[in-house]
Amino acid sequence: MEKKITLNLITCRTIQQGVGMEAGKTSQKYFDACTIIHMHPEDMKKLGIWKNTNVRVTSSVGSVIVKAVETREDLVPGLGHIPMGPWANRIVPAYTYSTGEPCFKGFPVDVEIAANEPIMNSIDVVKDACGLLRK
Amino acid sequence: MSSSQPEAFKMSEYIIKNGHVFDPTQGIKGDKTDIAIKDGKIVDKAGSGAKVIDAKGKTVMAGALEVHAHVAGPKVNAGRWYRPEDKHFDSHKKPGITRIEGGKSIPTVFKTGYEYARMGFTFAMEAAMPPLYARHVHEEIHDTPIIDEGALPVFGNNWFILEYIKNEEIENTAAYISWILRQTKGYGVKCVNPGGTEAWAWGLNCLSIHDPVPYFDITPAEIITGLIKANEFLGLPHSMHLHQNNLGNPGNYTTTIDSLKLAEGLKAKNNFGREQVLHSTHIQFHSYKGTNWGDFESGAKEVMDYVNKQKNLTIDTGNVTLDETTTMTADGPFEHHLHSLNHLKWFNVDVELETAAGIVPFIYDPDNAVFASQWAVGLEIALYAKDPMRCFITTDHPLPACLLVADVQEGPR
Amino acid sequence: MPKVVTDIICPFCGTLCDDIECTVSDDNKTILQVRNACAIGAEKFNHQKLPGRVTRPRMRQPDGSFKEVSYDDAIDWTAKMLVKSRKTLMYGWASTSCQAMSIGHEIAEKVGGIVDNCATVCHGSSLIAIEDVGVPSCTLGEVKNRADRVVFWGCNPAHAHPRHMSRYSIFPRGFFTVKGHKGRKIYVVDCRYTDTAKVADTFVQVKQGYDYELLNAFRTAARGEALPDEVGGVPKEKIIEIVEELKQGRFGIIFFGMGLTHTMGRNHNIDIAINLTRDMNDFTKFNIMAMRGHWNVTGSGQVLGWQYGFPYAVDLSRRDQARHQTGETTSVDLLNRNEVEACFYIATDPGAHFPIDAMVSSSKKPTVTIDPHINCTTEISDIHIPVAMVGVETGGCAYRMDNVPIETRKVVDAPEGMLTDEEVLTRINKRVDELLAAGGV
């Protein structure tokens, strides 16, 4: 069991994320669809977590709290997936290699247990990073 | 075809004074005469309130007509998308109320309208409109300033047309054409590489008028004849407009004459005074003798001997200018072939049930014997023409020539 | 009596389904039921009637709360922002109509805007590749009627284009494909065994980020040249076997998505896929198509194309020329380098979909967002102007992923007094003219 594991992260569309988006960016459906990280069962075991535990995912850009879930769409060990949205983009590196396209898929992240940390809502996670969240 | 002039303009009166007027049909060759315009038409006299346009020192003549060009629609725009270099050093805004203009061989719609107008054109016909994409063609026409534009829907590879003609149902062919013209606001019957572009959806082609189309088992000869007959059944203003099979290949003049012969004995039936039944377009590309690029030579004389004899044909030249341009045509297999010759980036789209399009950049190098011959063939076609009223000058812009290269001669801006 | 409206165009994804039906209330204000749409499309039509719709513009106050303002005030503020700023990012467009885009471009030319659409974070890589190498492609109907070899590379239509497989690419019985999916061989190449892979005949698991190498290997195999034992985690025998099978087909198509555009290599992943497709044409008919995400990102590219000559990232800030250079005129880069003075977002939500560093930069600029709903961007904007949902409450032209233009319809009335994108943009355009005539702000 490790305190922290490193994964290669991709951020993608899921149908639940699409439905949630259309239900509204502040809807529960959207929150449920996007505040998750799909992990391979072996990686969850390595980190010592049960499924549906909150974790802190940290990239070169920053950190976000999401819930670790078991994947439906088989990953390989070492690969993680956070559905696209403000939580995923909280940690996506903005560098585009002069192509205009940021690093949405394929960047290293550290994952640690954050079982008791709350997950921010879709508006706050952006506002907080922009320094616009009044506490 | 819709005019983009605002209503206020149409209802005005104008008088163009002091210009040198040229009108060959009336034998007027440079006389200083006034031209009066009322409600969008030329009239004998204008009222005292007419706005005066002083044309002192200027030539006054009827606006030129571009009868075949690629100026609006999906393949034109694909050309713009995939050639950002075409705008290199060529995006600018002239003083006044114009929009930003850009693009050398495939100008943006604003530049298209302005440049044609600057050269004295008042009309351009978009030569190939796939019905499935008609809305796109009209959106571009809507945004093209000043000049009028129309569009010709393509029929020569349309599944419904192939089946109706195969079953010798000319009335049904005509009914379908009529429906397409109304739905797409099209202007006439265009036929590009008949049968060959449907074959191209399987990677094949029809190079002679007797090559059967896969599955449909109909020949280009049958398609051409059927479309001419349907066109006359409908009595449309324009002849059936044909881009023959075998474009661009050495020795293709025989395919051309074979195709033109199909019009023999077919009579024009319409209320517009049209006496011809077939218009053969950019015929320069279809007038080559020889068997390969080594013995390539002009077949212009053979082709024009035939055209001169047959009074029920019109042609347009399809002249080449010796510079860089972007070839684009609904002759999809031809563009794939061209790409295999010059290895420049190739765009292709197969359009379900209807047609295809291909695009390849091209450099007509004056040092190359073949291109220089093509340039000469275009001139020969026009010089051999005995009846100028049956011969239109075109460049099939941008295919063999950037028509708007005339702008280059303007000098520094 | 409620009535049924048919032939509705779904304004969600690039598949642009045109067979949606809605039951609409008597008073033409509410959608009661949606048929034929996928789960996401259905949710969009259902969202129309959810309570809590914002119906008037809102302005952010110093304390962070929002206060309702009139359309006139919001438009005036927006026009002043645009006129004052020397270089404004005008981003979004992918969920509004072509008619609206055209008005927006007029404004951009006058005030010096950079017009960019969602392709910049989506299929921008594909557009760069097409600019380099061209593309052999076709319309979706050709796939339905002819394709017997269908490859999905780095895309997951089961999740992102849910009806694509049943309408065009896997299941339908077409004119020359009467056996439906039984007559087609389906291949999925992805770094994970997606739900789309579950309906494939062959699944190829590529090591994440190695798509370029694998496409290169496919191309090498197509040309009959030697391969290393394994490329991207895939054994060479499998690569050779698949390429041979593809060559035996009569019409092949490769659909691709973010798995290629977002991963290392970006545009190069696509240009090699295009080159592979072009090479395959030496053996059999082969085409390739980008799975465009938004229902009208293609339309934005088309209008920018015919007006300025480029498909996205068009810099009009000099007011006398149009420039396009990815890395320089693309939205994320402009924000990363702090190169714009104001932000104008329309029909989009970069707050949710741009990397956070770009949004931190954006949030420091005066910002106006025009969108039917509250989203992650509206809440950090100075002004949020709500507008009617295009394709639901107002119509307008859209372009499908294969560039086919389809005019979307109005299904129900917008909430009382709410304006459309076209109306708001027209008013902004007029106000900008007034301000410029008066010598600026």
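Things worth noting here:
Note that the chains take the letters A, B and C in the order they are written out, and that residue 1 is the start of every chain.
Assume contacts are C-beta pairs under 8 Å (C-beta built on N, C-alpha and C of every residue); 3 or more make two chains touch, one makes a residue touch a chain.
Because the structure is a prediction, the values reported are computed rather than measured.
Looking at contacts between chains, the pair that accounts for the most C-beta pairs is A-C. Comparing mean CA positions across the assembly, the chain most remote from chain A is B. Centrality annotation: C (chain centre taken as mean Cα position, compared with the mean over all protein Cα atoms). Separation between the centroids of chain B and chain C, computed from CA atoms only, is 34 Å.
Remark: chain A and chain B have CA centroids separated by 55 Å (rounded to whole angstrom). Chain A and chain C, compared by their mean Cα positions, are separated by 23 Å. For chain C in complex with chain A, the residues that touch the partner chain are 12, 38-40, 43-44, 46-47, 50, 63-64, 120-121, 124-125, 128, 156, 158-160, 162, 191-195, 197, 205, 208-209, 258-259, 261-264, 266-267, 293, 313, 326-328, 330-333, 336, 349, 351-360, 363-364, 373-376, 379-380. Within the complex formed with chain B, the residues of chain C that make contact are 98, 102, 106, 109, 127, 130-142, 144-146, 175-176, 250-251, 278, 281, 284-285, 287, 301-303, 305-311, 316, 319-324, 397, 399, 402-407.
Partner chain C is touched in their complex by these residues of chain A: 8, 10, 12-15, 18-19, 21-26, 61-62, 71-76, 79, 81, 84-86, 89-106, 122-123, 126-127, 129-132, 134. Against chain C, the residues of chain B that register as touching in their complex are 72, 74, 76-78, 80-84, 86-87, 91-93, 99-100, 102-103, 106, 108-110, 132-133, 135-136, 139-140, 143, 159, 201-203, 215, 336, 339, 345-353, 359-360.
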